[in-house]
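Below are structures written as structure tokens.
Across the two complexes that follow, subunit A remains constant while its partner is subunit B and subsequently subunit C.
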Partner chain A sequence: MSAFSLDVAHMFAGGLVLVSFMMLYQDRLFPLINALSLHSFLLALSVAWQAHIQNTPDLYVTALISIGFKTLAVPMALRRMVEKMGLHREIEAAVRTGLTMLVGIGLVGLSMDLMLRVTAGASVLVREDIALALSVVLLGLLIMVTRRNAISQVIGFMSLENGLILAGTGARGMPLVVEISVAFSVLIAFIVIGIFLFRIRERFDTVDVRALDSFRGERR
Partner chain B sequence: MRVLLIGVAVLLGGSLLSLLPLSRESKSSVIYGGCFATCLVLSAMALVGVAGDASSAVLPLGLPWLGAHFHLDALAAVFLVIVNLGGAAASFYALGYGAHEHEPMRVLPFYPAFLAGMNLVILAADAYSFLFSWELMSLASWALVMAHHRDAGTTRAGYVYLMMASFGTFALLLAFGFLAGPGGAFAFDAITQHVLSPGVGAIVLALAFIGAGSKAGLVPLHVWLPLAHPAAPSHVSALMSGVMTKVAVYAFIRIVFELMGAPAWWWGLPALLLGGITAALGVLYALMETDIKRILAYSTIENIGIIFAALGLALAFKAAGMGDAGALAVTAALFHAANHMLFKSTLFFGAGTIIVATGEQDVERLGGLIHRMPISSSAFLIAALAISSLPPFNGFASEWLVFQGILVSPHLPRMALKLLVPAVGVLLALSAALAAACFVRAFGAAYLGRARTAAAAAAREADVWSVSSMVVCATLCLLTGIFPGAVIDWMQPAAVALVGGRMPPQLDIAWFSIAPVSASRSSYNGFLIFVFLVLAASFAAWVVHRVASRAMRRAPFWDCGYPGAGPIAQYSATSLAQPIRRVFATVAFDAHEQVDMPLPGDQRPATIHRFMRDPVWEFAYAPVAAGVGWMARWMNRLQFLTIRRYLSAVFVTLILLLLVLAIWG
Partner chain C sequence: MGVMSALLLQLGQVGLVLLVAPAVSGMIRKMKARLQRRIGPPVLQPYRDLRRLIGKDVVLADNTSWFFRMAPYLIFAATWVAAALVPTFQTGLMFSWSGDMIAIVALLGVARFLQAAAAIDTGTSFGGIGASREVMIASLAEPAMIMVTFTVALVAGSSQLSTIAEFMLHSVGLRVSLGMALVALVIVALAENARIPVDNPATHLELTMVHEAMVLEYSGRHLAMIELAGSLRLLLYISLIACIFFPVGLVVSGAGFLAYAAALGAYGMKLVIASVFLATFEMSIAKMRVFRVPSLLGIALMLGLLGTLLLFISEGM
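Let's turn to the complex of A and B:
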């Protein structure tokens, strides 16, 4: 494997981490959805590149799924949802953005340090890929944790799933069956969360998940 | 080996068979009949298997890289005989008794699974199949305990049992983890290769005590036993008390004598101490009880104490390199385990016939049953004599062997053991005497005197299946008591495997005597005692019939000057236990009495109240229960977090684990 193909693979994977950081500081909804679109597009490019250098044509299918479904369909649906529901376009963060970014940097450092040591025996491509994929997963979780808006939690979840796919393709390619089943489970999750959003909205006139808590009569 | 496993598979199949849509009666008789036949075949095979070569099999079940190992050696064969003989007797008994079951589908599917589980525990030769079978046994017996779930107290019994069973299995799981070591070699033959450091050995020993002891009913882990054993249907109680506790003893022997390797000198100490305390406390509890099945359950605890004390003695001898003395103690333990299976099964069968005939479990509401249930009462009497360790029955033979072992103990090198063992011997002697008092009381209150209730007066002899099963077990009690030498010789291969020594052959000695160490030291002859007893009794009977007048007179009995005393005024079980309660239970259970004597002219009756506390429950269990309750209340807050906080909890846990890996990985 040439150094060039390795570099390109790293560029795409690193781009994913970068876009994750972009998501982390977005405090408006539409740019956040755009960032998810970009995230998924970069994933598709990365997967396609992996398919090319690993000579595994079924990864192209994964890339196509990523483009068609996560780059176009899901963001479009999210955008329609936001417009239809006439939501506030601002996202209320539970933790200040600066602090979140610092934590995010720490997480990337942690996953790099850990994964590079744990995967000492594997090939260079796999090592870097898995380390970056873990960063993406952790950043996705961080997005879910630090935002109060349900839509941004959906987006955090989708970016987390992108990280999983990245890890899967890096490690000698994921079997297509697994990929398709993951895609379907994400689809189901998306539908469920979508319905859930409409229901919250119908009942409470907001998608701030705090409404749910006050409905349960909980203190915060 | 293959036949044994097929037998177990047949038992498991029986569980499924019970789900077929057959009529109640036919299903019950098919299942119990099948269990009886299978157990009989299995015990016959194991009976021969003790002296035979060890055999093993590996099935592609369980963990994929391990497989399911099964192994039959002399020790396993001895316990297989105990399990399956008890199983056969209980199944035969249930052919009649099971017809009285109101909801047979709560018993039938679990009964064969319970038997299969116990067999598998004994055959298992790797930690995974062992624990799996152990849990199968526990869960099946739990389901059987819950069979009469509408009765008061049964749900609590089931709950306590389930808690203790899971706790015990958890301890065994940890013990096997330590035994297997970091390499994770879980097959028993690999575990025996692994040498334990002394510290780890101590931990494994403690875990074995907790795991096997909680199932066997060792004080202070016994609290579930007097609740759960009586709650089950009687044939299951017999199995749980007579057989399942022996499976626990087997687990202890297997782990401590074989898997842990060469013992340190002090390993015998905890077994001796706990055994002595268990024996004495168990029988004291039994003396305070009036529920017939609870009396029997507590007496099981006492016998487990005797068995564990003998095992502790064997460990001490083994560690001191005294193989032959160790063989004596181990044989005593195994012999007593087998005997206890025989007489405790008979006694629980007897309790079952009483419950069927009268609907009563409280001995204070029985009485006079010997007239209406002559055969089952004689079988009960024989078993009661045997469990009170009276010659010529088997209980005497095995307890005598235990005491012979104790008499050899001055030869032990360690001072601590030299001093402790005689003290334990005193405790065992005390408990043997109290056990006799306990069974005089149980038999006297239930079977002798006059009927205290109408139900007891209307009792009928039980069906032919139940009675014949009792009679067969009682006969076996007598036979093994008369010819203990045969049993001792039969068990020697197991003793050789466990402690490396053996007792001298007993069957060579004339007149069926047994001489455990040497003939010059001490010997016992059950056969001659039996012959003498029969001759003396026949002679006395002959003299009485010959010399006494044939004219029978019927006259009112002397009423001590209080005419018209009803059956309720008879000497009761509680009054019989009063002296013992005052002497022993004042210390052990903080027992005291309060007499409420009305003043002259006051019309209300005088009353006497008894107060007793269970120290084990108050000091060992109540604090733990309170702590768990406090923790549960505290953790209950976790149920009411916001979604974001749940996510944060997951996230923070993940990060912490990653950090741990990053720092120590």
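Let's turn to the complex of A and C:
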């Protein structure tokens, strides 16, 4: 494997971590959803590149799923949900942004230190992928922990799942990765709807979206 | 290549930065004015301003000390030395061993300290506001700059600008860390030069001004020194970014006359391109609230840290 192809793989995976930080920093809903789109797009690029250099065509399917499902469909659906429900566009963060960023940097450092030690002996690509994937996963968890808004929690979860796929991609000879990816995507769609229904029911004692309209009507 | 010609080249660079700096400021002002559909002052206006200021009497506030009068010269000297250390058209100049990024950060830090201290020395409230804001910005911009230094030094194996430029010119792959370092360095440069999202160099609105508040009490030749130092600092950051990330056109020592002419031309092109970018950027963005600035610089710091961390991954294999 040439140094150039490794550098490109490193660039895409590093870009994923960077976009995770962008999500951590973002405090408005629509840019956050756009960031998720970008995150999934970068993941698709990263997976496609690794399919190319590892010569494993089945990974292209994973990349396609990532583009079609998570870059386009889910963000669009999320956006429609936000618009339909007339949600407040600003996300209230449970912890201050600056502190969150510092914790995020700490997590990245931790995962790199841990993974580079644990995976000593594996191939370069695997080590790099897994170290960066763990940071993406931890950052996704951090997004979920520090946000109070249901949608941003879903977005945190999706970015976490992108990290998992990145980790799966690095491990060669893993045809299951396609199926796992599909299964996860379905699971996520389920969780997206689930959290929404749960939140709405919790607040308005009903799962009907019209409850929001009448709620706004009262305040007007 | 004798000692004399090497010395001459080095002195040429020292003189070049001083000569070019006001023109760059004037060029950016002109471009901004044209973008706003104004005619704008001519490009050479900063030189005329400097001549006028040097000829004028100095008015001193009653309660200023000797420090207030000394500071402009010291600020100018520190900034000039720092600007002259950055390779502009040639790598491996005679004093390039001292052209270290950390030394440049330190020299700029000295200049900033002197300016803030002189601003407090006047005892006016504006000086105090300006100094405290400047230090608040600097306390975040400086670590970010140091992190950028570390990132670049880890890639190139040296923090000496001449070596870095040669390394970047010949043997560098595709590195995401360098992209992050570039963005971080641009943010730091905007903050340190009091450009638009952080501070507006063209206004004296007391709610927002940072840099102008500090130099409000200066007049005459003192103000000329400070203005010139400001232009030099802008030139320094442009040269720094050009030298680290776009070292195209730099010649090594011992090249022929034509090569030097081409290198000078390339440097001029870089200055023009950077001015276009800066003017367009300043036109298309609004100034930030002062209390939002730390989060902007926080991004720069974070990018620097992240760049270094990612480098450890790719180097640690």
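Just so we're on the same page, the second predicted complex is superposed on the first by the 175 of 220 C-alpha atoms of A that agree within 3 Å, B and C clash if a C-alpha of one lies under 4 Å from a C-alpha of the other, contacts with A are read in each partner's own complex, and residues count from 1 in each chain.
Heads up, the rule we're going with is that contacts are C-beta pairs under 8 Å (C-beta built on N, C-alpha and C of every residue); 3 or more make two chains touch, one makes a residue touch a chain.
Source: prediction; values computed, not measured.
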item: Touched partner set for A:107, first subunit B, second subunit C, both or neither; value: first
item: First, second, both or neither for A:142, with subunit B first and subunit C second; value: first
item: Touching partner for A:8 - first (subunit B), second (subunit C), both, neither; value: second
item: Common interface positions of subunit A, toward subunit B and toward subunit C; value: none
item: Touch list for subunit B against partner subunit A, complex; value: 640, 642-644, 647-648, 650-651, 654-655, 658-659, 661-662, 665
item: Subunit A residues touching subunit B - in the complex, by the definition given at the top; value: 94, 107, 110-111, 113-114, 117-118, 138, 141-142, 144-145, 148, 153, 209-210, 212-213, 216, 218, 220
item: Contacting residues of subunit A [partner subunit C, same complex]; value: 3-4, 6-8, 10-11, 14-15, 17-18, 21, 25, 97-98, 101, 105, 108-109, 112, 116, 124, 127-128, 131-132
item: Complex contact set, residues of subunit C against subunit A; value: 173-177, 179-180, 294-295, 298-299, 302-303, 305-306, 309-310, 312-314, 316-317
